[in-house]
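Okay, so subunit A shows up in both of these, paired with subunit B first and subunit C after.
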Partner chain A sequence: MNKLVPRLIRRILGGIVMILAVASFTFFLIHMIPGNPVDAKLAQLEIAGVQPQQAMTEVHAMYGFMPHQPLYVQYVQYIWELLHLNLGKSITYAGVSVTHLLLEAMPWTVITVTSGIIVSFVFGILAGVIIAVYRDRGISNGLTLFSTFLHGIPQLILALLLAYLFTTIWAIFPYGSPYDAAIAPGFTLPFIGSLAWHAVLPVAAYAISSYGGWALTMKSSVISVLGDDFILASELRGLKPRIRIGYIARSAILPLFTTLTLSIGFMFGGSVFIEEIFDYRGLGYMLITATGNLDYPLMAGSFLIITVAVIVANIVADFLYTAIDPRIRV
Partner chain B sequence: MSQATAPYLGTVPPEFRRPSLWTISWRAITRKPSRVIGIVIILFFTLMAIFGPMLYPKQLPINPAELYAPPSWAHPLGTDFEGTSVLAEIITGSRYVLSAAALAAVFTIGFGTLAGVVSGYFLGSTDQIIMRVTDFILTIPGFPLLIVLSTIWSFGSPIAMGLVLGLTGWGGLARAVRSQTLSLRERGFIEAARGLGLSNSHIITREILPNISPYIAMNLLLSVTGGIYAEVGLFFLGVIPFQSNNWGVMLNLAFSNGAMYTPQSLLYMVSPMACILLVTFGIVLTLDAFDEILNPRLREG
Partner chain C sequence: MSAKLTDRSQQDFGLSPEVACQVRDLNVTYRVDGRELSALREVSLDIRQGQITAVIGESGSGKSTLALALMNAVSSPGRIASGSVTYRGLGEVTRMRGEELRRVRGKAISMVFQASQNSMNPLTRIGAQLLDLARSHDLPNPRAVLREAGDLASRMSLDADRVLTSYQHQLSGGMRQRVGIIFGLVLKPKILLMDEPTTALDVLSQSSVLEIVRSIQRERQLTTVLITHDMGVVAELADRVVVLYAGRVVEEASTAELLRHPRHPYTRALIQAIPRLTGDLGDAKALEGQPPSLASVPNQGCVFRERCPYRMDVCDTILPSFRFDGDGEHRFACHYEEARRD
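Let's turn to the complex of A and B:
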């Protein structure tokens, strides 16, 4: 236990270095974009009749650095603004700060991703236990085949198929927006109901695409636990199979919790397709539209946030791994 | 024993001769029907990508009178929102998708194997540096990175696309190859080779690489599927300007031209997706045979 704190500190420091590296990457990326968008914006403002000094300040607000200064000065300015959580101003959403836009986008991604992963985790775990425990029955083979099949479908195709099949071919679910436009947004029952009804397909897309992975990992985890002595002991003590399965599942699930945290981080990156297809204004959607509209501050900001989510998830997973499993702490 | 025996020149009687790679492959593939199906699917799509585009004009004809036409002899998979034959689009679009994916796999394998072997064989500070870079590559979410890179890198040609997919995707393989190299370098035959004073490059190319080649070959095939998903995804999102038609562009145009809203576009929507899944399916089925062909330990007598 006493090694836990220095280890955690080392991981956090490593994470900070990585975040800085990604921030530097986005900084240099903006400078490498063909046609120099910063100068182009400056020229555009000056043509529009803005005073040069004022144009400079406006560009500074957008990108977080003053143009026409030595590169290292720009770099220090950029990182300095980042440390103050200032990611610049969006170009397409005229003048709105990127931080504000991303904070607004975050709930759409976080809520759909986590509910999708929780649903798939529950079903995947159940399926994995069934596959491993009833290894010699038909149901096990069937479930394995089913899980492998679902595991193999890429998220893009899955989401497109779900959207197309269940909104157009069989018009069961609504399509095209995250809630019914006729209902006024607010904390009211009809609005929340509408949100949930519209979220069925995107959440299902997240859930189905990660279900297979859980089922197959849980299967091998359970099989490795089945050989342990304490299972044999519980069998010899004459415990009911139901209680025994409980014992097995409880220790087999441990390694999966770390993967759970990791996958929440990675799903942030995978949110791109599902948000584009179901028109959810989350982080992935922001990244796509910003890239499409050449809104570089917003693009750099959303890429940074997505990466930070992954890095944080990595650290939490590592920490959880040591905290949850007493055998590692020694 | 009076007759003169011909001098024994090292010809091995046929029953003891080591079978050629072709024989081994043929035996391994025909052992299970699923593997034959896999190979047939891959061959089918390879031929489609090589010769298919020659059958059609560079600019596919559009026909405003036949929007979303049902399947017919002229258009076996129906037509799209402009009246272009879906089958023609699938065939002409296969070349870019498959060649870029194949190149992506080659680059991924190249970078990953190089980094993994060098890191696992030389250890020390080389290993430290390479593994830091690998961690970095593995942590950064790959697909968003590709989207961001699309602003400074033109993915137009299959080579450019393959190269960037390779550059962003080698991390996992490098780690796996490194751990395999680590366990190999402690084995007796490698120690013997080092004891004999053989050069590092000889040990790596002649002793280590052949031993991990089955693993690499399987990953080559698997990376093709990864490459297809990534490029189709990029084209679907429309962040790359496209010069020619391909399956990802088809999905993009279908999505942005309202094919999602009409049930008549069923074949148009489903065809590119079905092709992607079929290629994946073929690759997964073939992988099974690959393992047996390349892994001497699995071969029977």
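Let's turn to the complex of A and C:
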């Protein structure tokens, strides 16, 4: 256990290096895009009558680096600003810093995506165990069919369907904003309740779209664990069914942790549709706005945040894995 | 429930006093591609109280199936087609189901597995698993099991504290095998089934493990069934030997009698195949050919005839019945031996 802290530090340093690598990649990608957004903005400002010198300064403020300087100087400047958490300024929301926009958007996405992942993981794993353990009974076939069906529906269609069914056909859930406008925002019970109530459908969209994948993966994982010697041994030693199921489930969950990390990236990708449909001003919404308005700093920032989320999730999953699998402990 | 169990523990279920477990006409079949193939045929045995009975046979002879059948643990696609397995103080296990069966397994009848090194949960400490075992069998004081396991560990020259706080992967193969034996003994079973308990061990660990098993067995007068393919292990450990070939018992006798006067050609071949410490290595003769697979076991006549040097016409058509020798303690099923002696 005393080796945990150095290991954590190593992983965090590794994560930072990875983030910088992705940021560099994004930087050069933006630079290579035909049409050069920097020049385009510069030209736009000059046409609007801004003095060339002042236009340059504005563009610098916007992107965090100076155009018309050698590429490596621009790159060093960009990374330097990035290290100071300065991602430049948005074009769509003129003059507002990208960092500020992203920090504001982040909670909406992180909370809904995380809830969605947790809900789908828990239900998927329960379903997977049931399908595998009772695999010669009707309930197993039914659940498999149901899970495969849900797994097959695209997230976009699912979110639209949920919105249509539960806000239009049966107006059970509210639509159109993440909380009731009549309640003053704050750390109060009614406000939090309203947030939760409004979040039901988006969270359900995330959860339902990934539930099937968990259930089916867990099913095959459980079936392979059922063939292990120690499971047969636990049966012949007369262990109580409850204890045996615990042995099986814990062993079978392990390989799913790897998938869990990957799914976080997938879920953030899904937030593009889901936040658009349920009108959440989260990262997906930012990304779609940025793309629509050729807002390159905001785009680069959004991508960077998604990268950071995946890398952080990777580190967290890695340490969780250590906690539940003693064989990994150093 | 407990009253019912206490009542049972006093019952002998018609078994004679020296018998702990009686197997009668046991048939086990496996369903393969829509066909029922026999893995055990009309197996009848008396497993004697307080003795070590060895069941010896090649791979595929049905010896592991027999071990599973003794716990009513033959799993799909296999099943116990007919026959009975009756224990003194427990009753007929092939009729037991669900909770009743679970309570018997691991408590009254316990098993040391062929793959004992892998019989522990890799994610939990050994001590915690022993507690799971104790709780599963509703022991009034689960912690006492840890003390018992600690004693057993010390006897097997293991560091008790270290073993109980270890995970499986932190122990060597030999240590794990001993831990597997501890799991088999810790609840003080009436019957211990050991399926190739030393197969995975090197010769030195093998003999030390066997020695420990022997001493604990003697001390507790533990009825033991030892499944093995190793005549050396049999000679070292067993009181009685049952020779199994293609799912049938072909010979049974006390170990000394069997080694001195083997009757069945198969038993003789097994004994001849043991390499000696002295003399030419070439003196050990391997038995030619392969045992029949489940699908190719002949349905009539003697199951061993394909590999038998003394094959006669009658062997092809008529199943040899048991012939008793000595004071009825030695039995074998062979036409040739029968004809030779008449």
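One rule holds in what follows: the second predicted complex is superposed on the first by the 259 of 330 C-alpha atoms of A that agree within 3 Å, B and C clash if a C-alpha of one lies under 4 Å from a C-alpha of the other, contacts with A are read in each partner's own complex, and residues count from 1 in each chain.
One rule holds for everything that comes next: a contact is a pair of C-beta atoms (placed from the backbone, for glycine too) under 8 Å apart; a residue touches a chain by one contact, two chains touch by 3 or more.
Quick caveat: nothing in here was measured; it's all calculated off a predicted structure.
**Student:** Looking at the overlay, what does A:M106 touch: subunit B (first), subunit C (second), both, or neither?
**Tutor:** Neither: A:M106 stays clear of subunit B and subunit C.
**Student:** Figure out whether A:L260 sits in contact with subunit B (first) or subunit C (second), or with both, or with neither.
**Tutor:** In the superposition, A:L260 touches no partner, neither subunit B nor subunit C.
**Student:** In the superposed arrangement, which partner chain does A:P154 touch: subunit B (first), subunit C (second), both, or neither?
**Tutor:** first
**Student:** For A:A233, using the defined touch cut-off, is the partner it touches subunit B, subunit C, both, or neither? Pick first, second, both or neither.
**Tutor:** Only subunit C is touched by A:A233; subunit B is not.
**Student:** Look at the residues of subunit A and decide whether subunit B or subunit C touches more of them.
**Tutor:** Subunit A has more residues touched by B than by the other partner.
**Student:** Have a look at where A:N314 lands relative to subunit B and subunit C in the superposition and call it first, second, both or neither.
**Tutor:** Only subunit B; A:N314 stays clear of subunit C.
**Student:** First (subunit B), second (subunit C), both or neither: which does A:M32 touch?
**Tutor:** In the superposition, A:M32 touches subunit B alone.
**Student:** If we overlay the two complexes on their shared chain A, which of subunit B and subunit C does A:I288 touch? Say first, second, both or neither.
**Tutor:** First partner only.
**Student:** Mind working out whether A:Y247 is in touch with subunit B, subunit C, both or neither, as first, second, both or neither?
**Tutor:** Once the two structures are laid over each other on A, A:Y247 reaches subunit C alone.
**Student:** Looking at subunit A, which of its residues have contacts with both subunit B and subunit C?
**Tutor:** In subunit A, nothing is touched by subunit B and also by subunit C.
**Student:** Which bits of subunit B are touching subunit A when the two form their complex?
**Tutor:** 136, 139-145, 147-148, 150-152, 229, 232-233, 236-239, 251, 255, 260-263, 266, 269-270, 273, 276-277, 280-281, 284
**Student:** Please output the residues of subunit A touching subunit C within their complex, sorted ascending.
**Tutor:** Residues in contact with subunit C: 228-230, 232-241, 243, 247, 250-251, 324-327.
**Student:** Going by the contact rule set out above, which residues of subunit A touch subunit B in the complex?
**Tutor:** That would be residues 18, 21-22, 26, 29, 32-34, 152-154, 156-157, 160-161, 163-164, 167-169, 175, 266, 268-270, 272-273, 276-277, 284, 287-288, 291-292, 294, 296, 299-300, 303, 306-307, 310-311, 314 of subunit A.
**Student:** If we count contacts the way the header does, which residues on subunit C are in touch with subunit A in the complex?
**Tutor:** Subunit C residues touching subunit A: 71, 73, 102-107, 110-111, 113, 115, 118-125, 132-133, 135-137, 167, 169, 183.
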